[in-house]
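Quick heads-up: structures coming right below.
One chain, subunit A, appears in both complexes that follow, with subunit B as partner in the first and subunit C in the second.
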Partner chain A sequence: MPDATSGPAWERRLLLGLLLAPALLWLFALIVLPQIDLALLSFRERVAPREYVASLAQYRTFFAEPLYWHVFVRTAVMSLAATLATLLIAFPVAWTIAKLLRGRLSALLFVVCLIPFWVSETVRTLGWMILLRESGVLPALLAHLGVTAAPVELLYHDATILVGLVYTSLLFMVVPLVSSLESLDNSLIEAAYDLGGSGWSILREIVIPHAAPGITAGCIVVFMLMLGNYLTPTLLGGKSSQWFTEQIYTQFIVRFNWEQGAAFGFLLLALSTSMVWLGLKLSGQRFGDVMRRT
Partner chain B sequence: MSAAGTGQDAATHDLDVRGAVKRFADHVAVDQLSFSVARGSFFSILGPSGCGKTTLLRMIAGFIQPDDGEILIGGRSMAGVGPNRRPVNMVFQQLALFPMMSVGDNVAFGLARRGVARAERLRRAQAMLERVGLGGAARKKVDELSGGQRQRVAIARSLVLEPTLLLLDEPLGALDLKLREHMKIELKQLQAAFGTTFVYITHDQSEALVLSDHVGVMNRGRFEQQGTPQQLYYEPATPFVAGFVGANNRIVGRATGVAGAIVSITSEQGWLIRARSATAIAAGTAVEAFVRPEVAVLARAAADLPAGQPAHGGEVESLLFDGANSAVLLRERQSRVEFRIALPQTGQFADLRVGEPIHFSFDPARAVCFPAGVAHA
Partner chain C sequence: MIPSLPRPLWLRTATTLYLVAFLVFLFLPLATVAVFAFNDAPYPAPPWHGFTLDWFLGNASRDRTGLFGDDELLASIWTSFLVACAVTALSVGVGTANAFLMERARFPGKGALSALMLVPLVLPGVILGISILAFASRIAEFVNDLFGLELEFLRPGLPLVVLGQFSYIAAIATLTISARLKRFDPTLEEAAYNLGASRGAVLRTITLPYLRPAMIGSAAIAFLMSFENFNTTLMLVGADPPLTIMMYGRMREGATPVLNAVSLFLMVASALLALTLMRKDGRRAA
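On to the complex of A and B.
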């Protein structure tokens, strides 16, 4: 293979272009083009059969209709809560893998976190349904133990959706956390301890600042996955899930209102982009640093 | 130990280690070790890697609990006291400065943990940085400093807490030779200026000799010898110390005659020498003798050798030029035993050639011999 760093400049540029071509083609054809088309769709209104005019009507509908608003905010807040819960659960797991266990045990725990992801998300979520539905394993157990008088329905609650979301995205938080904690030199922790630090102050002053890019990376990925998740809220939340992706699905597939669906899609994109931007600002991280950790 | 005894120690000793033991799965890292370090002194623990010196230091710092024995710091037992509550601070081998903080925040870290108010701790950190010659560095990031400057920040970060004891874990190991020589002098000056008790571990005998008031030479979890650098160098107590501290010619043989303190030794290759015995040696026992390169005297003619010393002859094998540390490596004429002699600074032997026959002698009282293999067993 020719060395990409030698030869005339145009030759090098051509080689670089050829190497990047498949990725660029994929990006352009499957992401950029449809997005442009959706953007155009979202900014028009049907005035008569097969007759469209440019307008902001789709966005106006969103702001005028309280249901859409409500679902939008609810999706954002629940995703945020679930992201925080994932971080709180994943951090001790990642700490154990990166710092407390060595060699085989550490690898084993990592595999234990990974194994559920060998099964498709649908099957995993159906597994939760078997456990949680009224005639399922957990309500029966609770009734048997006398905690509840009769089996109760554990599906279709907000808490159930949160549990499902956390479970689905745990790995995506654990991986960047493990890699950022592994790179933390143990002697820094010892030095902080030696200088009088307590467990809490070391966590706050040394561990979290060091792991910040990993934490931010994990939170961004997990938040995006939750915001765009369709299956888990629909199956575990049922009719009461009220997830924004369902609204988009309804507009496109049920109501055949592509214009409205496209506008909703863009609103979701704007939401996730602004949340990522806000997250980076609040944690003082640079996008490039964070993305290298994912 | 009586209460009065403890009080007595507290007045003069900052560190007392009494019968400390640490076992790991397959070996004893620290074996029944006892020693004291006088207040305000510079104490070094010198030993090869794997001798247990790092384990010992980590026990003093509190990162490892001893299996047996007691550690007292400033006269107070440290049993059950965590590293963050001991009046001890440590300078780590890789320094372990916090890269996420400025230099000033690094130095102020310990003060913040003690609840010193922000303005006050910044003032004290700044004052400490000025004392180590880094007055303008408080706002810099750690990675903007040179190796020597980081070294000073690491020491300042510990000393700002005014510890009873400062532990240093081979802090010069990562520096290049030139800087290491410079930092040696600086460390000694810092210790003198602050008057804090330093406990320093190293495998580099030159660092230990130059810096310390007292040195403990450690091997296999025990101290082979404790003493001033001069004592270790001139009066080694064991073959290990003789071999480890400073350069030495080692000659293995058998005692063939004993006349008072002077033992006649026939080496395995049949070279007859005489040396002072460090302990009682009976004729016929296996011995190892040590002769320092600077103890032996060279001469072109046997008549020029000092009178009264046994004369030896040999041939120059190679010349080892190293400025003031230049030496000649020769082989004794009959036995072909290799022997190293320091070249005098007079330039008298500057024209020495490889293969040239040469005469040499040494004072048997300044050579030392031990029963072989006793301390090594």
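On to the complex of A and C.
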């Protein structure tokens, strides 16, 4: 059937229409129109009940109120730092899976690395909370070993948020790295070694250029997920988390200030999109290829 | 470096130690959650007070509510289940139609549509949530002003949660099913047509059975992603919270180990789902 290139013309049209309808309905009713609506919402100001004028007031508020743009910059910087940390932690593991281990063992390690990510982020965060809070496992252990005199609070620090973000995003880095490293021919590494290349120079001149598409894909996806994360920063960072998605939630749901919330949403979207664009430009890749890779 | 090249002892030792540390890092939080589901204490914290099943079965004499007696929690699991079923059915259905559209049909603007289908994957979940919330409310208000009708399903609640999750899970289903349809050998269909089969018969007996593994795989992924979704759901949820939202609320308040019990239940369920899928994959490869 849906070989829409054969059969009489009317039948082809009907078939094409039937196939197009769900796609267009999905993309326009749930993605395109809501995003346009959000943009319109962010550019208006309420002057009286049910009366609005076009204005930039929401964006002015963002720049005039230091709290808002501080949180914005903080979210971006911490997401960037956590993305780099994820890359550094995931690379040796991906290398081991792709190059050091063979056959079943390599497949086994890969599966073992994936398992935690089948479990909900809520559950994983609960685990970190039980481990890190003042009455939790690690502070008790540290006090018991005499490293600290009394149990210390390990939750609610910036470092805690970073650990949580890295933990929750590892999968999205390991998978693209493994697939890009697996396609690297071992004989290239051997040749470089025979020609006197050191470990570092081989890594810099052979491995990283070859794995660049995987590295970019992983970094883009991980950065995006961190920027948009809500659960991990709010639970592990507590009141001091100051994550931008939390500001969006506060404006939209708590204060019911949809115009302000929409403007914040747009700023986050702009940051996320520009980072994706920058990453693609720097590595000279196309968007579709990156998304299919992950 | 790679095994065919000499690797000094220190490097091999360091690699092994690193791997062990990495695996501990991966599994420590999960193991902790599981262990404290059985601790005989009112809070999930050390020290160990002995083994108990109270957090599953409940213990009225000690004023403990276990998972199977916690109606609120059970109701939220049921809600999550219903939402996940709806999202899965919608996503696989639309994903399959999209696969045929992108792989078989020719029409103007196809390239643009194909790029647009990837957009939901780069929109942060929170933004998907608020944009759908705002748009649905605008439509509801518009209908209300115009016809005096109150469209309840456009207000925060489960229908919107389903739509919100579907909006990006459909993109994943589309990618998975399209990838398999792309590898389909069209001569199989041609042979069936030559033998006199109708379009419907070819679809039913050749093409769909070929697509079935991709459809089952994307159904499992869709179910899991829906069950675990938090960001989009948080913005669209109404009076009956799904499990992740319920757990989040309780975690902020400092909950009893009943949350560990429900987490352990989730871990076992996802592990079973993963194992079933992998066995299926393994059999197909063999």
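Remarks
By our rule, the second predicted complex is superposed on the first by the 257 of 294 C-alpha atoms of A that agree within 3 Å, B and C clash if a C-alpha of one lies under 4 Å from a C-alpha of the other, contacts with A are read in each partner's own complex, and residues count from 1 in each chain.
Methods note: a residue touches a chain if its C-beta (ideal position, glycine included) is under 8 Å from a C-beta of that chain, and two chains touch if they have at least 3 such contacts.
The structure presented is a predicted model; accordingly, all values stated were derived computationally and were not measured.
Following the overlay on subunit A, a side-by-side fit with no clash is recorded for the pair subunit B and subunit C.
Judged by the touch definition given at the top, the superposed model places A:V77 against neither subunit B nor subunit C.
By the touch criterion stated above, A:P92 is placed in contact with subunit C alone, subunit B being left untouched. In the superposition on chain A, no contact is made by A:V254 with either subunit B or subunit C.
When the two complexes are overlaid on their common chain A, residue A:L41 makes contact with subunit C while staying clear of subunit B. Of the two partner chains, subunit C is the only one touched by A:M129; subunit B is not. In the superposition on chain A, A:E190 makes contact with both subunit B and subunit C. Number of subunit A residues touched is higher for C, counting subunit B against subunit C. Of the two partner chains, subunit B is the only one touched by A:E205; subunit C is not. Here subunit B and subunit C sit at a least CA-CA distance of 5 Å once the structures share a frame through chain A. In the superposition on the C-alpha atoms of chain A, the part of subunit A touched by subunit B in one complex and by subunit C in the other spans residues 190, 193. Residues 1-5, 15, 18-19, 22-23, 25-33, 36, 43-47, 93-94, 97-98, 100-101, 104-107, 113-128, 130-135, 138, 163-164, 166-167, 170, 175, 179, 189, 199-200, 202-203, 207, 224, 227-228, 230-231, 234-235, 243-244, 247-248, 251-252, 259-260, 263, 266-267, 270-271, 273-274, 278 of subunit C touch subunit A in their complex.
Residues 185, 187-188, 190-198, 201, 205-206, 209-210 of subunit A touch subunit B in their complex. On the subunit A side of its complex with subunit C, the touching residues are 1-5, 7, 15-16, 18-20, 22-23, 26-27, 30-35, 37-38, 41, 89, 92-93, 96, 99-100, 102, 109, 111-116, 118-131, 133, 135-137, 140, 167, 170, 186, 189-190, 193, 199, 202, 224, 227-231, 235, 245, 248-249, 252-253, 258, 261-262, 265, 268-269, 272-273, 276, 287-288, 291-292. Here subunit B touches subunit A in the complex through residues 61-63, 82-85, 88-90, 92-94, 96-101, 109-110, 113-114, 157-158, 161, going by the rule given at the top.
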